[in-house]
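Look at the two complexes coming up: chain A is in both, with chain B in one and chain C in the other.
Our next item is the complex of A and B:
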């Protein structure tokens, strides 16, 4: 009995040591990305300001069409009329989606260009750690961008959100990010084997973008697309967020939303990791890893 | 188990690695490594010597788990690199030959910090190790500058520091002096031999296509050619075992060829090089002193002798003797088999 416990303790210690090591690697990857990004300060500043510049026309266009910031037809569809908040929240989501599909998908490709992919892959951490580090950097970058966007929008228009909804919003977004990580792993493996992996990214990005009710309510999609949209993790993210923050009516219960999103996240992560594992094997057999 | 000195630091057995190139009619299979077997014992400085395209880098990449061999086994400190990849990567310090293996936009210190975390070093322990290595390699003053401003010799020093971060037992150094000027080359060679091997007792696999480097550094050398390991011996054994033992070099005025020494017995082979009015006769003989007087007489009968020199065979001579190709030659693509399907 005592021996068994001892072995258990050792196992626990080894596992925690290992997890600490992996976490340190994830963090180091994140820090390294920030340092690399900040070597070009002008580009960095632009990456924060550009989104705001792109968002403004949408908002003004919306106001022009509706003739004010309140839309009766939007109220009929989703139960809230404030188009500014509606569009802003949706726009913020496009950022997250882009992050999963581009930043993460291209993380390993970027290392390939630097020439550092092999040095990094020779280190004693599993490959998913690197994409995780990239994901962390992208999320933080994204949050910073969102912060800038929100400040600008508030300065110009003021947005009305329900502060009590912030906590559940963060929860549902965190869950969605897990799913996006899975999608990101999937994209990362594609860019490792196809030099034109960007095309796959683009196609997938377009599909997800159309299916996710970002700039419009779910109800305006054709029925079969509404059904498909229910398999897309970002749908739950955006609908949940708007529900919590501005009281959008959604066609399912909150419990359903969390359960489905949880399952989608699991599925995507399992799928992404599996595809990545297979492709990593394949590149090491065929010797195409160092090429670009 | 890994502390046991009888366990080889590295063991490759019948390793085969093929690459497929092209499609359809042009499909080719390249046997980059063709049944390589070698064993490195703890503390050994072992050379893998061969011309361009011989398969050195491919073998190193297989050992470092960056490639999966098609056949054969590789063990690091008794652990299979395929089954126990994470353990083995922790034991290996890798220096790859390409220049771009670090982040050029980051400083040396930032590069080292990043890689240290990947190898499980954090906090004070990490900072101490980095400062120690920067000091050891004389990089402290430039450590905060971006690598893009470094010379290639300095970048190579940073790469060496990176390979040593986690104090690995086994170092894989792929062409560590490639493209460096003689001064840096000398520094790196001295560092590898004196500091890494003698002082720190590291087991080192060093690949190179420079004869002198292998000769100077390595206790044992594997000759590799077209993916096959031709032989493994010490430099002295190689030189002793080739049939021609010594080379007598005679420099004389005017242009002559081997005919000049026609009557001299005991000569195995003569070659002549003519340059700036001076001929150098390379006379291969069992023992130089046996033919010396006769050669001098024969030459003096025709012209003036400018100098006489007896040389031991170099590893280059050995390599040419064993493989028929010179080390300077590029054997890439030569051993490809072509398939049509």
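Our next item is the complex of A and C:
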């Protein structure tokens, strides 16, 4: 009995040590990405202004369409007429989507450009740890950008949100990020196999940007797109967030939203890791890891 | 003198051929650029449907003369392909040479880097023209926007003037690339500044600030004229004025682009930072 306990203790210790070791690698990768980013200070400053510049055409287009801030058509569809708050809350999620579609794959491509991919991959940690470090950097970067975006919009347009909804919103975003990490791993594997994986990211981003109800409710999409949108984690993130913060009517219960998002997280992470593992093995066997 | 021009022309041709060969190494890119710029406007189409509940908007009509917001954004997407192609293809091209490790060879070769950039510009023009042609066919077939010969000729004139001006801008930007190296993000920002301050996706008149700033961008004049011709059948009204304004802007952009590039290229050579990342 005592021996079993001792073995268990050793197992727990070994697992804890390994997790600490992985966490150190994740953090080191995150710090490395920040250092690289902050080397180009002007570029970093620009990246903070970007989200505002990105958002404004959507808002101004909306204002041009309805001739003001309120849309009767939107009220009929989702129960709220305020297009500024509606679009701003939806747009915040583009940053997260970009993290999944771009950050990890592009980071790998950059390592290829710098000629350091083989060295990084030779490090004694699994690949998913390495990409998780990239994801962590990207999440922190996105949060910073979202902060700037929200402050700007509050100052210029003033958005009205329900503060009580903040906590469940954070919960739904956290769950969505897990699923997006899975998508990110899947996208990163394209970089290994196609090298110019950016094009695949761009293509998928274009499709997801249509399916994800950023500046419109799901109801305006054709039926087959509405069904496809239910497999995209950001759909639940956006609809859930707008429901909690501005009372958007959604076509499913909150319980359903959390359950489906939880399942999507599991599926995407399992799928992303598996595809990455297979492609990583294949590129190393075929000796094409360092190819351009 | 004639021999020297011939050599420069050969270098331009070689660069053009090299750029096109690199594109064809990634054949999927051709399909992508022919189709996806049109997909990028779909969110605006659905946004329009959600906010106005139909295919036309009265508020939009008051601002642009046409309530057909779908045609408005599709034409914007098509014409902006030229501009963004120049920005990415020419402006960012020297950065790519740095990544490939070939930048120093270009600088060290007896050919002036500007000649190389002209080769890249010509390749981009050819590339974006083919892509826009594909897009025009798709728009005509699936979205019912009509392109008659009487409309196409004045549109072509405007497009050529737009291309020339933007090439000057892109060449200046390529010089900027030599100086600050990491420009990928800057190209993105510029792209979005054009989205914000020119009527690619929305009528800039909706806001007084964007309305004023947009007049400084050739794309604004080009898009307003092209939409007048295609959507409102007003070919002759503003064409002369638009052509004149675009000509003046072209001269300013080409001259400024040339001098800026030469200055920045000399500066990076002197500072010894050409090969730096």
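Note that in this section the second predicted complex is superposed on the first by the 292 of 292 C-alpha atoms of A that agree within 3 Å, B and C clash if a C-alpha of one lies under 4 Å from a C-alpha of the other, contacts with A are read in each partner's own complex, and residues count from 1 in each chain.
Methods note: contacts are C-beta pairs under 8 Å (C-beta built on N, C-alpha and C of every residue); 3 or more make two chains touch, one makes a residue touch a chain.
No experiment lies behind these values; they were computed from the predicted model shown.
**Q** Using the overlay on chain A, decide if chain B and chain C clash or can fit next to each other.
**A** With chain A as the common anchor, chain B and chain C both fit in the superposed model.
**Q** After superposing on the shared chain, does chain C or chain B touch more chain A residues?
**A** Counting contacted residues of chain A, the larger count belongs to C.
**Q** Of the partners chain B and chain C, which touch A:217 in the superposed model: first, second, both, neither?
**A** After superposing on A, A:217 lies in contact with chain C but is clear of chain B.
**Q** After the superposition on A, what does A:116 contact: first (chain B), second (chain C), both or neither?
**A** First partner only.
**Q** After lining up the shared chain so the two structures overlap, which partner does A:46 touch, if you call chain B first and chain C second: first, second, both or neither?
**A** second
**Q** Can A:160 be said to touch chain B (first), chain C (second), both, or neither?
**A** Touch status of A:160: no partner.
**Q** In the overlay, answer first, second, both or neither for which of chain B and chain C A:285 touches.
**A** First partner only.
**Q** Would you check which partner chain A:13 touches, where first means chain B only, second means chain C only, and both and neither mean what they say?
**A** Neither chain B nor chain C is touched by A:13.
**Q** Which partner does A:227 contact after superposing on A: first (chain B), second (chain C), both, neither?
**A** A:227 sits against neither chain B nor chain C.
**Q** Pick one for A:74: touches chain B only (first), chain C only (second), both, or neither.
**A** A:74: touches chain C, not chain B.
**Q** If you take every C-alpha pair with one atom in chain B and one in chain C, what is the shortest distance in Å after superposing?
**A** 7
**Q** What is the shared patch of chain A, the residues that chain B and chain C both contact?
**A** On chain A, the residues that contact chain B in one structure and chain C in the other are 114.
**Q** In the complex of these two chains, what residues of chain B are touching chain A?
**A** Touch list, chain B to chain A: 17, 19-20, 58, 61, 64-68, 70, 86-87, 89-90, 92, 94, 96, 98-106, 110, 113-120, 122, 146, 162.
**Q** What part of chain C is in contact with chain A in the complex they form?
**A** Going by the criterion above, the answer is residues 26, 28-29, 32, 36, 39-40, 42-44, 46-53, 57-60, 62-63, 69, 99-100, 180-182, 185-186, 188-189, 192-193, 195-196, 200-204, 206-207, 210, 277.
**Q** Can you tell me which positions in chain A touch chain C when the two form their complex?
**A** The contact residues of chain A facing chain C are 40, 42-43, 46-47, 49-50, 53-54, 56-58, 60-67, 71-74, 76-77, 83, 87, 113-114, 196, 199, 202-203, 206-207, 209-210, 214-217, 219-221, 292.
**Q** Which positions of chain A touch chain B when the two form their complex?
**A** Residue positions touching the partner: 21, 24-25, 27-29, 31-32, 35-36, 39, 114-116, 118-126, 281, 284-287, 289-290.
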